[in-house]
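First chain A sits with chain B, and in the next complex the same chain sits with chain C.
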Partner chain A sequence: MMSHIRRTLSLCRSRSGVLQPARTSSASIGGGGDLVLQSRSTDVFQNLALEDWIDANVDLERRGVLLLWRNRPAVVIGRHQNPWNECNLPAMRSAGVPLARRRSGGGTVFHDLGNLNLTFFSSKKTYDRQRNLRVITEALRRICPELDVRATERFDILLNGHFKISGSASRLSRKSSYHHCTLLHSADRSALAALLRPSCPGIHSNATPSVPSPVTNLLDHAPTLRWEELLEALVHQYNAEFGLGSASTPVDPADESAFPGVAAAAAELRGWDWTFGRTPKFGVRTLLELTDERSAARGSARLQVEVKGGVVQSCELDVPAHWLPRRLSGELSGVLVGGRFCPHRAAAVFSEVTRSESCELRGRLRNLCDAVVSVMG
Partner chain B sequence: MQLYARHLLINLEEEEARRRADPRRRIRRSHQYATKMAACGLFRSLSSNFFTVLPLLNRSATLSPLRLASQPYFGRTLATSCRLTAALKFTDKHEWIRVEDDGAVGTVGISKFAQEALGDVVYCGLPEVGTQLAQQDEFGALESVKAASELYSPLTGEVVEVNALLADNPGLVNKSCYKDGWLMKMTIGNPAELDTLMDEAAYERYIRSIED
Partner chain C sequence: MLSHSRCLTRNFGRSLSAIRQGNNALARRATTALSASHAITLNSSVKSDPRSSVFQIHYFRTSVAHRDEVVTVKTPAFAESVSEGDVRWEKAVGDTVREDEVVCEIETDKTSVQVPAPAAGVIEELLVPDGGKVEGGTALFKLRKGAGAPKAAEAPKAEAPAAAAPPPPSAAPPPPPPSAVGPIPTAMPPVPPVPAHAMDTKPVSAIKPTAATAAPAAQAEGGAKGARTESRVKMNRMRLRIAQRLKEAQNTCAMLTTFNEVDMSNISEMRKTYKDAFLKKHNIKLGFMSAFVKAAAHALADQPAVNAVIDDTTKEIVYRDYVDISVAVATPKGLVVPVIRSVEGMNFTDIEKAINLLGEKARKNELAVEDMDGGTFTISNGGVFGSMFGTPIINPPQSAILGMHGIFDRPVAVGGKVEIRPMMYVALTYDHRLIDGREAVLFLRKIKSVVEDPRVLLLDM
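Take a look at the complex of A and B:
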């Protein structure tokens, strides 16, 4: 199967090395028009890298591509979003759910194996999101005629006029475009609700916000709808809408020979610099609740942090002098500046400070450090 | 003409001295270099006429305009650089660049066609000052309801300034794409690249051809 893919893609490659529709060998590709691809990977970074690879390397002026994919549980934020504001980073860490930032705009979504992703690749001229969404709504109308599914002006798809089953985002590049959307077949809704909430309060930012919506799964309303049946219907409708007869071809985004450079692209997407470092400038202004275990006394402190490029630019920790000496709170805020806004990093630099302190202060100091670290997600 | 030439020479020397004393030299090193090159170019063009110009400067008698008019290289250099500072140049990705008066820095933005196609911009993702860009490199993205649209550098150079107003007011890109909605300023590392861009008339023709 993989050699067939390699042959298919290599037949499409022009002399310049860019993939183009192979006019003379169109019969052997099956249809000679748009490609329908289905990713074998369930790794969110590999799949996002595959999207960028197709966008950069396939000549989309003459043919479109539909890519079908799904991921193991992951949270995916939009290009210009703030992950601390959009998702519960500590809960994700405990659950082993990774965070990915995609290159398209839009809001935050939860991916798992019950959430189907569709990416419609086309030229910038033929970029038409409503037409793409019609593929989904018409396919569903055919196989689940009892369901009321409709696309909205915001390019969501609503079930029964109320529940969101699909959201969209897009990217326009040199000559091409892609529009991708989710489709909730059987996602874990309780995980979704638990993870898509802010990590910490008091964030001030001009990052693009998400618009929260009540969601539902298709399976909850059409209990006999199998995953494979849904995919088949979508491929059939894509071919009907775009006038072609492509069968769905499996692809492996881990195959460097079929997709040269895809591994490096996935590595970049996994990196802290892209995922967190690309967060628009923001500030955190919050009140920390402090306790002294030994005396059961309570106190509070004001924290104000400015973060740019994921790095702490300035930090003010206003702790009452009777709670802890000002030199200590000053030292703590000092060691944060210039470092990543990251709980691991903060905990590491704080441990240096707490180590050298006397026993009586250590308890309160540790409590303060924990409170600051918890703000970082 | 004689007084103007002297005035120009003195200004360029003073400008150079001021820049050397500037505490923000590090950031504007490439800016300085480009300025120096432009200044050197002008000095060269003047000095090529040195034997005719110097005696003219030392003479107390007024200059015959005809004699100076016969220095075509000198006249042409000044006239050309004035035209460049005023005009916009466009890329086929609908970015424009306007070369500043000193010829060393260009202001970059997107065209009316681009901002109309985008719709209301809700976020401007722009590069950090100091970023090195090659011509056509991706340098950021504009997000609108339509999509996240990549931005491509019109020239090779270094980012020296980013429009801070866009953080709180991204809609400036729609309202005033040629003026207040500028995106960034960059050095012009390779002025010859300007010749690869379209002037306004060529860009208008290009737009019409796409729309058909």
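Take a look at the complex of A and C:
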């Protein structure tokens, strides 16, 4: 734990020329200065679990910690958000982009290898988000003086007064706090736009909404800015602003001996119960367009679902009697209640119902089932 | 004067303890109030009798519990000139919380602030709805302190920490053996210590009604303390529907099962020989399912009755010239039965590709209704869980189901000698209203012959 980090820290100091040398010679245990850690993992769940681990296990009263990390493509929603309302779940599924829910508040972000994440850990007394953002803006000013980067009151960082290159979120626990933010270096903007477009219609909820803003990459405005250069500048500025200087230490969140309990934490973050089940109560009210392939007839049905904890509490499917017998639509809506609001589960459940129905209504029944399943993302 | 009063209290004490030891609940209640004030004198006078001192101690505790404090917890002040936030509840009314456990979170402008419980207790009331707005200092919730207190006082005695909601009579049980819930024990359990004090008999009226939140997990922990609670969970509609259909199938079909065994040596050898080349050419693994699916398709083409189904409403037999095989797959989320369509025209490779595709879809949670709908015959593989032998149940509206089981090395008679061969028992459950015994047996034997020697397919035997 702490001692391990200290040990690796002293190891780093003894290696010369590889990383930035420590400014102080008092490299003893508990030696001053904040810690700078860089995660080796690009798995969003492991990195989020590492954040939680540091928040829970490192004594932040005496020193702060800066964690630098980036993830393979993933969509990360805030603690109290509604994923059905924030992103395009079917597109994410087919692109293999996972969804993660973080523990801090705020809005939805798209992570990929061109998006740098910084987490500033501190005690509640020394929690100061503007100071953290200054680290970023000052670092950028040094290496790209031609760019106009400014932090706003809402803790965003804007480039040229207009484009957002960084957004923040934070979490205040009992004894500690962390403030993390993104920094767009070279993210895939088209993927970002496509995946952050909500696909589920008719959602009524009081979950935290996201505030969309136009974004841009640093690389688009400073084409010679390399990733390593950016990292170095940030570490340097962090040391200048906060501590007596520490080299950036690589850490591996998959290392259970260094971070006991981190694998279990990552597994919890991966689970459906955390990612989807933690959504605040919401309702879905939408109109379904129905077609009958054989006769080319058209119809419509009203769907009303109440979901709490990711589980369907009630479901009303109002299909006109001439389209399908009420018994069938009643069966479909009844069989959803008590199960997860999940298209996969709905499909399995519906196939049980449709399996034993006669052929002539099959087509319409199938069509209705598909329409309901598509509402679930 | 002094001696006289001492004598008086001694007598008073004795008569009080006499009343207490009786079974008169009302009398006991009455004496509680008295004992509180005459604490010291009573204690000394009945020190010799352990039973009544337990009752005394018990009643001291009850009287402390009656003086529960209800604290109102307010919203903490927000940092950095933020004025209001949204409340998200983590706990509900009636939940027991430990000191410092998070009760709710307040979201203010991208920050999530945890609000912990100031002390152990039970949540009495939530003063703001979920998602409601609060400002610094707004009252958030009411906590009744001290419900955890009797447990805390017993903590030195009791070793099991039982943080779950305490089951009703929990006042003075004998100390439970440590680690009541753990791995299967390999040694004899230790003899539980004989309780120093007799089991407490609290009058029913003195027991405070606690919310019956006994979940099965709490039951397991409370099991050590002798709590025997039941919990009732309503069946969800999906389960009800499946149950109803299975029973319908059992009631309408004349279901019986015929068995056979399959020697897997040849097919294992074929697989071993070709698996690398197969993987290289087709980019997917060669498994056993394709052999059984192809065998079933071949046998179904041969015995159309097994591929047919009785329509009870019109009293007709529906024969189908296509073969759609449903493959039962157990996923962590439950049983799904994706369908491989038109298997009669496929070879081993096509079948493996179809199985692979369905497997991918199942993993990525993309199985649609049309992937799982219909099917004329089902194959279920209990072998993946180690089943040796078993009778599958027909998946309506079909007429038969093939059950595959585990492959185990068994001594079998081959050419007059005993050899060890990898053997699998297979079972065919069928609807006797439609399929005769002879047809069913021949059908299963055909599957056996194809899997034992795939050359049969080439020669259309």
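Convention: the second predicted complex is superposed on the first by the 347 of 377 C-alpha atoms of A that agree within 3 Å, B and C clash if a C-alpha of one lies under 4 Å from a C-alpha of the other, contacts with A are read in each partner's own complex, and residues count from 1 in each chain.
As a working rule, a contact is a pair of C-beta atoms (placed from the backbone, for glycine too) under 8 Å apart; a residue touches a chain by one contact, two chains touch by 3 or more.
The structure displayed is predicted, hence computed values, not measured ones.
Enquirer: Which term applies to chain B and chain C once both are placed on chain A by superposition, clash or fit?
Expert: Aligned through their shared chain, the two binders clash on chain A.
Enquirer: Contact-wise, after the overlay, does A:Gly309 reach chain B, chain C, both or neither (first, second, both, neither)?
Expert: first
Enquirer: Is A:Cys369 touching the first partner chain B, the second partner chain C, both, or neither of them?
Expert: The answer is second: A:Cys369 touches chain C but not chain B.
Enquirer: Who does A:Arg171 touch here: chain B (first), chain C (second), both, or neither?
Expert: Both partners.
Enquirer: What is the contact status of A:Arg294 with respect to chain B (first) and chain C (second): first, second, both, or neither?
Expert: So A:Arg294 meets neither chain B nor chain C here.
Enquirer: Could you say whether A:Arg327 touches chain B, chain C, both of them, or neither, answering first, second, both or neither?
Expert: Touch status of A:Arg327: no partner.
Enquirer: Residues of chain A touched by chain B versus by chain C: which partner has the larger set?
Expert: C
Enquirer: After the superposition on A, what does A:Val349 contact: first (chain B), second (chain C), both or neither?
Expert: It touches chain C, and chain B stays clear.
Enquirer: Would you please give the residues of chain A that touch chain B in one complex and also touch chain C in the other complex?
Expert: Common to the two interfaces on chain A: residues 78-80, 103-106, 127, 154, 169-174, 206-208, 280-281.
Enquirer: Could you please specify the touching residues of chain A with respect to chain C in the complex?
Expert: Checking each residue of chain A against chain C gives 78-80, 93-94, 96, 103-107, 127, 129, 154-155, 167-174, 206-208, 280-281, 331, 334-339, 342-345, 347-356, 358, 366, 369-370, 373.
Enquirer: In the complex of these two chains, what residues of chain A are touching chain B?
Expert: So the residues of chain A touching chain B come out as 78-80, 103-106, 127, 154, 169-174, 177, 179, 206-208, 278, 280-281, 309.
Enquirer: Touching residues of chain C toward chain A in the complex: what are they?
Expert: These residues of chain C touch chain A: 79-80, 86, 88, 100, 105, 107-114, 116, 130-131, 234, 236-238, 241-242, 245, 313, 333-337, 364-375, 396-397.
Enquirer: Which of the residues in chain B come into contact with chain A in the complex?
Expert: Those residues of chain B that touch chain A are 93, 122-123, 125, 128, 138, 141, 143-150, 152, 167-168.
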